[in-house]
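One chain, chain A, links the two complexes that follow: it is found with chain B in the first and with chain C in the second.
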Partner chain A sequence: MSEQYPGYDVLAKRRTPSWNEKTRQVIDERLALSREPRYLSQEEWLVLEAICDRIVPQPRTRPPVPLAAMVDTKLFENRGDGYRDYRLPPLREAWQRGLHAIDAEARRRHNVGFAALDTAEQDALLRAVQEGALCDGGWDGMPPTIFFAKRLLPDIATLYYAHPTAWNEIGFGGPASPRGYVRMDFDRRDPWEAAEAKPGREVDAARENARAG
Partner chain B sequence: MREYRDNEAVDFAIVGTGAGGGTLACRLAEAGFSVVGLDAGPWWRPLEDFASDELHQHKLYWTGERICDGADALQLGANNSGRSVGGSTVHFAMVSLRFRPEWFKSKSQLGYGADWPVDWREMWDYYGEVEQALKISGPVNYPWGPKRPRYPYRAHELNAAALVLANGARKVGIQWAPTPLATISAPRGLSHPCVYRGFCVVGCATNAKQSALITWIPRAVAAGAEIRDLAMVGRIETDAKTGLVTGVHYHREGRWRFQRARNVVVAGYAIETPRLLLNSADLRHPDGLANSSGLVGRNLMVQANQAVYGTMEEEIRWYKGPPSLAITEHWNYQDQDKDFFGGYCFMSDGPLPLIFAGIVSGERGLWGTALREEMAKYNHQAALKLVGEVLPDERNTVTLTDETDELGLKIPRVTFSYGDNDKRLIRHAQQRMHECLAAGGARDLWDQNNDTCHLHGTARMGDDPRTSVVDGNCRSWDIPNLWICDGSVFPTVGGVNPSLTIQAIACRTADRIRALAAAGEL
Partner chain C sequence: MANTQTSTGFGFAALAAAGALAVLANAQRRHLNKPALPPPQPTSPQAQAAQKINLASSLLAGAVLADSAVEHYRGSFHNKAMYLPLAISAQALVAGLQGMVARNAGADVRREASHQLAVVNGAAGLGFHLYNITKRPGGIGWLNLFYAAPFGAPAALSLSGLFGLLAERIRQGGPAICGVMPRRAAAWLTAAGLLGTAGEAGLMHFRGAFHNPAMVIPVTLPPVAAALLAGATVKPCLAAPARWSLRLLVAVGFIGSAFHAYGIQRNMGGWRNWSQNLLNGPPLPAPPAFTALATAGLGALDLIARVP
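Showing the complex of A and B:
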């Protein structure tokens, strides 16, 4: 994918009236997240990292969003969602059981752990989890399809789009308090919003985005 | 703020301070009663405490464990929960609509559901009171329903997402309107007008939103009520001889305490309210309090909250402004060509990235490059979102599990399945939303099938103690000094967001309590 909002960076607005003090504090903490596991074991962490790389493949042209660390933090803080599907165990147990089962499936199929598979093999295995086409569909009573649909996929996908790097990618305005927005109509943007690169106008967009703040 | 001692019996201990409890606390305090409002959540100061960040603002949600089952197991904890002084109004989408009058008598007038023991004309006056109290911003002429007073504040300007609905509705030939919203379009006291920052559903950081937190609660405190935050009520105590309630056991600052009260009002919303009543079972009330009908925890109703999404040629940037600036209530008032009972409205929508990623991944199962490519269309998305009437069904329930939370309280099990009527309504609505969104210019339409919003019905009001939990005054049939005042008392839900009706019922309940007290019947 070519860059849709070239040069746009929500962090450039950190010192503008679009960010209040609380927002600065919260985003600073997110950006300072340690890239080491705090809850999962090293073994579990390697599987999680490999899964995150396939659920949201990231371009190599910029520093990656530390997705595995964001998931691990959710587990470390035991941050529940306020409900749980009756077929799933609690948050931490579901993730740990799922990571072990995916790794075991990789060993059963390929004689190596999930992290050591090539990306095509990893994708095929994840798709088998999503579709329930596994050698061992038991997982101690936790249905793999439910784990994938209700835990693995939404946890990783939502955490990715909670990161400023992902906001840049999709041209989201990001934090907006107290300044908010003025121009609300079709095809209108405030000067502090991302400019989209229309075909042939990439340079204009980049120039606008350098000023977005 | 006035404060009461635990052993000082207050006139009313109110459990929960949201649209039901917060409003009632205000109106009872203003009527001269001594009131303590207890809330499990914190008392936020939005200007200092709220970030423009979806993930951080999850702190507004009730994230305690609940087990969800049934054929259509619910997702809880976000839009349909709240753990703050002010309850879920702190993060609600501010949509402030009146019921269609016939819905208060849907059983006798429309042939489905159950009748409310209140008259719509009386409710019309209370709706007016709440619209004034929140300075609702709305259109000069509202196209549906009986005549109503002009909205106090002018309607908000429409964002592009709302214009898609307006254009689509015009083309398919149905009426639309700017949505009446509880966020101000002009200054009011210490509140500035809405700046259209668009983070409404994760908390307003500028206090433009007229939540219970910044409307009813300050009024309650000014009138002498105490609001006690971070106070989780675990059990209501009753007197073994009289059977009357004597107060509430609550957990605060690491220990259990007991607030004495002459009356207790439960206002914890449709899951925590039955949970508390059931968890308060004692020798005299082995099935839980107020439960002689067996209906505490039954008839749980959500509202259907399906959506249709599509891609527009134009940049929409739906993250700007309140998410639902335009609405059509056409199918709430038009009954022809329906193969189902009930009604629905739909509105424009503008989910922020985290929520939208949850929909794209959770609903469509997209991951890998497909997920990133779909999310890259973010600024060109438009959507229509349903609020649809779901019928009461005794098989949809809130019960207790044997698992306990960190305070040792049994956690709830929430069982929900759509009925056939609900499915027909959803199918009808999705077709109409497709037509409208396509007429508005969107292509590549896709459905969100799994979302619900709002919770009601688990302590329904009625005329008969055998078929309801509370009477029309929100007083429990079984225990005369135990009251329930929140969405739980709704016998039916209609096709509109419930907050305005919950607040109107709370205002009415306060007036009824004052009248009962004057007559010596409290």
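Showing the complex of A and C:
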């Protein structure tokens, strides 16, 4: 639930003409992710979870999007994007090397692992990775700035917005498969689209969203 | 999908059954009341032709009703004036049907008013649609002609009204309109309507890249029929080929709707995804406009052939 799209639940589309069997199957798989690592080690997983918490801090009022599990699944399936920056090693290697290097940097600076740092220290360290201002040499020639900009950030952000919980937040209808959209003009809306609450008109939007399936 | 189709089928069957019942009940009532009614007038060729042209005006009004209901719902009735053609075409439809079963030989002032309303509203609609096209970025250009409000559509409502008025005039015994005999006026109006509708179909089928060869038919056959029909008003030998081409067009209207139903099925999700595809796919109520115009043309030919 979000304030901007009150009462909107994209999963209400599950049994409407909006989605077909294949779409339901894909979404179900995404919702059924286990929250345990399948590819990464326990130590790598803890670092990844802490990083995800800082890149996309999530409200405590709803079940979080299992970001670490989504990244881990991407690594487990070795599902690349079809392209990568030439300065980075392949998907799995880049992530593992990056997680180890970030953890090593934390130990070097604070004598504890990245996951044990407080949020301000974590933010400072991630900022250092982003700016390349690091002292640890555990990167084996992989540029930290490129890893941050082209691997860490895009992977976490795109996976976050691949989850129905994030769709509810931004009023996105999920896969337009098979039902797409008809009313394409500015400020027009199909009855099966999320309704955005205008200030003071939240109740109207909630009523529309209860019907948007 | 099967469910939707079955229920649609049931819906049509129920409608047809209700219609048949109404017709039967009416026949029964007329039979029982026979002595009370004036003796039926001998059906003159004029009255028969007027009936055909009224059928045409009703068919056109019905097509406008269905088409504007769907398309203006798609436009979310953004402008309140978008409700107007629904109301006007509905009353024009009723006026046309009433004209078909009317027993009075002369013109009826209420029916005439209904048809005049349709003519005026159609003309106003043309203005609104033109305004809708020009106010979009790019103004009058292919993109807006393809995707903005369809420029020619409201003309169908005016045509329906004009045919309704002509039918009244013919029923009256056919005084000339500005020196033109109603039979010629009917033929020429039909020919103009056929050309306009073929133009609209051509624009839309060009937008659809003529991906199905059958999409060429509504662009090629109607101009031929229009030429034959207009020719028949001056050369009687053209009446026979004109009649055949118009009969073919009557069928083309129905077959066109069947093709459009198939086109909806071909969209992603097919008929099960009707809430998108009915709006996005080819318009179901558009092809019957050819059936309507061809019916009017046949009425005009009747007049040309049988009335000296």
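In this text, the second predicted complex is superposed on the first by the 209 of 213 C-alpha atoms of A that agree within 3 Å, B and C clash if a C-alpha of one lies under 4 Å from a C-alpha of the other, contacts with A are read in each partner's own complex, and residues count from 1 in each chain.
The rule we apply is simple: a contact is a pair of C-beta atoms (placed from the backbone, for glycine too) under 8 Å apart; a residue touches a chain by one contact, two chains touch by 3 or more.
Only a predicted model underlies this, so the values are computations on that prediction, with no experimental measurement involved.
Novice: Once both complexes are superposed via chain A, do chain B and chain C end up clashing or fitting?
Specialist: clash
Novice: Output check: A:192 vs chain B and chain C. Expected answer is one of first, second, both, neither. What do you get?
Specialist: The second partner, chain C, only.
Novice: Which partner does A:96 reach: the first (chain B), the second (chain C), both, or neither?
Specialist: A:96: touches no partner chain.
Novice: For A:177, using the defined touch cut-off, is the partner it touches chain B, chain C, both, or neither? Pick first, second, both or neither.
Specialist: both
Novice: More residues of chain A in touch with chain C or with chain B?
Specialist: B
Novice: Using the superposition on chain A described above, determine whether A:20 touches chain B (first), chain C (second), both, or neither.
Specialist: A:20 contacts both chain B and chain C.
Novice: Once the structures are lined up on chain A, find the stretch of chain B hitting chain C; candidates are 185-193, 383-391 or 401-409.
Specialist: Clashing stretch of chain B against chain C: 185-193.
Novice: Residues of chain A that sit at the chain B interface in one complex and at the chain C interface in the other, please.
Specialist: 20, 177-182, 188-189
Novice: Can you name the residues of chain A that touch chain B in the complex?
Specialist: Interface residues on the chain A side: 1, 4, 18-23, 25-27, 30, 54-57, 79-86, 90, 123, 126, 130, 149-150, 153-154, 156-162, 166-167, 169-182, 184-189, 193-194, 196.
Novice: Okay, in this complex, where on chain C does chain A touch?
Specialist: 74-76, 78, 268-269, 272-276, 279-280
Novice: Chain A touches which residues of chain B in the complex?
Specialist: 47-56, 58, 61-69, 73-78, 81, 157-160, 163, 194-199, 205-206, 314-317, 319-321, 352-358, 360-362, 365, 367-369, 371-373, 375-376, 378-379, 413-414
Novice: Which bits of chain A are touching chain C when the two form their complex?
Specialist: 17, 20, 177-183, 188-192
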